[in-house]
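Scrolling down, you'll hit the structures one after another.
There are two complexes below, and they share chain A, which is joined by chain B in the first and by chain C in the second.
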Partner chain A sequence: MSSSNSANVGIVIVSHSPKIAEGAADMVRQMVGSAVPLAWTGGDVDGGLGTNVAGILEAIEAAWSPAGVAVLVDLGGAETNSEMAVEMLAEDRRVRVVVCNAPVVEGAVIAATESSGGSSLAAVKRSAEEFYA
Partner chain B sequence: MHDVNAGRAAEAFATLTASAVLVNPVGLHARPSVKLTQSAKGFAARIEFALAADGPWTDAKSPVKVMRVKAPQGATLHFRVTGPDGEAALAAMLALVRDGFGEA
Partner chain C sequence: MTLDRANREKLVRALAGTVIEHADELTSLDQAIGDGDHGLNMKRGFEAVLATLPDLADKSLPEMLKAIGMTLVMKVGGASGPLVGTFFMELGKALPEQPARADLVAATDRAINAVKARGRSEPGQKTLLDVLVPVQAVLANGGDARAIAAEAARAADRTAPMLAIRGRASFLGERSIGHMDPGSRSASLLIGAAVTTLEFEANT
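== the complex of A and B ==
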């Protein structure tokens, strides 16, 4: 898990596999740089493959930015648990977190690239989702 | 982002064009695309590029669109720039390409 102080939109990577989540975060750091708050989470509470709401909440907290947070997820549970985590946030924060419909690795790099240029949360989400367009 | 006033302001600036050859061995792949996009986003000007002088034009500020061009080594990138900081933007784009995005 890592973060960076910045007013840019934060990026959270959620994968069933902690290795994928960490690797995707490494790619973001190497390709985009450190101008974007970034955090990752992966694995279930027992350390197996899966995702958990508490871990996702922690990651959102770690990557928090006043500009909001874009969450990139892989399969099924990653998405539903991320949505659950967003629902558990205080109302003023909830409206500033979005789960993107984008591939987790590519989406994270694209979202971070967009964010590093100072783009809004909506623009970051739109750009990440362009991958499926 | 693109409100009417911004559009009108852009019309007051001449469109600048120039080209540069991609020298880095892998061409405009992921990492150079990110660098190009990040640099482009630092300018207010509208920045587009194409593989031919007459287009089709790609928004240099869109990371997905830039990567989709898949421009190979040796390709000529034609830039078309319009805006208040157009000259600086064009110079920055050309420098990046000619410098092989720092990885040539």
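== the complex of A and C ==
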């Protein structure tokens, strides 16, 4: 988990595997440096493979930006848990978090690159989702 | 059906007990067509629910159901946590403290719709909805505890020949056919435990 004080759209990486989430975050950092708030989370509450809502909420908090947060997820449960986490946010924050329908590693790198140029949340989401479209 | 404190605690222990008792079976089902963590995840979630007793049963039925749902959301992980947790939370939002059958019918209707929205799924896609929807129909038609539990078990069995459209099993395509859906099995276990504990009679 990491972050920065940028006003750019924040990026959250959610994987069943903490290693994948951390590794993807490393790749994002290499691309965009500290220009983008970034956080990752992975694993279930016991540290096994899986995702958990509390961890996702913490990551959204860590990567929070007034411009919003784009969440990149891997498989089904990561998406469902991320959507659940978004719904549990206070309403003023909820509307500024999106879960992207994109591959987690490539999507995170593309989204962060887009964000680092100061793009809007909608543009960040679109660029991540268009990568494979 | 009077839900006093003793009955609420009995209900919680029955729900948790059946999931914990069948955790290995749920894991085996999930190993066949999923990622093999359903039994462990559900067991972890319901152990966390049990750990909130006795305070949990001091709450009113609606508050108790919401608390169970929230614990499951936070502890189960996987897609099942938000799905099953949402079902309990929505029941809690919709039910009065002493529900009649009509209240249960309306509340389960709302909870099923919330599960559909959460999973972006419909019946026929080899998910817990394939148990929840037909069981709700039996409930709405006045079936007694035995009829409801029997339909829950049959409905879970009927997921075996289905093709998975949602969830990890959908990656397997046609290879998902021939295995019972683990989420349907856990839903049927929970329903069986609930109606057996509440012992409600036809048309009450």
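As a convention for this text, the second predicted complex is superposed on the first by the 133 of 133 C-alpha atoms of A that agree within 3 Å, B and C clash if a C-alpha of one lies under 4 Å from a C-alpha of the other, contacts with A are read in each partner's own complex, and residues count from 1 in each chain.
By definition in this document, a residue touches a chain if its C-beta (ideal position, glycine included) is under 8 Å from a C-beta of that chain, and two chains touch if they have at least 3 such contacts.
If you're wondering where the values come from, they're calculated on a predicted model, not measured in any experiment.
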| item | value |
| --- | --- |
| Chain A as common anchor, with chain B and chain C clashing or fitting | fit |
| Partner chain in contact with A:110 - chain B first, chain C second, else both or neither | first |
| Contacts of A:42 with chain B and chain C, given as first, second, both or neither | neither |
| Partner chain(s) touched by A:10 [first = chain B, second = chain C, both, neither] | neither |
| Touched partner set for A:68, first chain B, second chain C, both or neither | neither |
| First, second, both or neither for A:127, with chain B first and chain C second | first |
| First (chain B), second (chain C), both or neither touched by A:18 | neither |
| Vertex chain A, arms to chain B and chain C (CA centres, degrees, nearest 10) | 140 |
| Least Cα gap, in Å, left between chain B and chain C after the two complexes are fitted on chain A | 26 |
| List of chain A residues in touch with chain B within their complex | 31-33, 109-110, 113-114, 116-119, 123, 127, 130-131 |
| For the chain A and chain C complex, residues of the former touching the latter | 44-46, 48-54, 75-77, 79-81, 83-84 |
| Contacting residues of chain B [partner chain A, same complex] | 1, 30-31, 34, 37-38, 41-42, 61-65 |
| Chain C residues within the chain A interface of the complex | 35, 37, 40-41, 44, 73-75, 77-83, 85-86, 118-119, 166-168 |
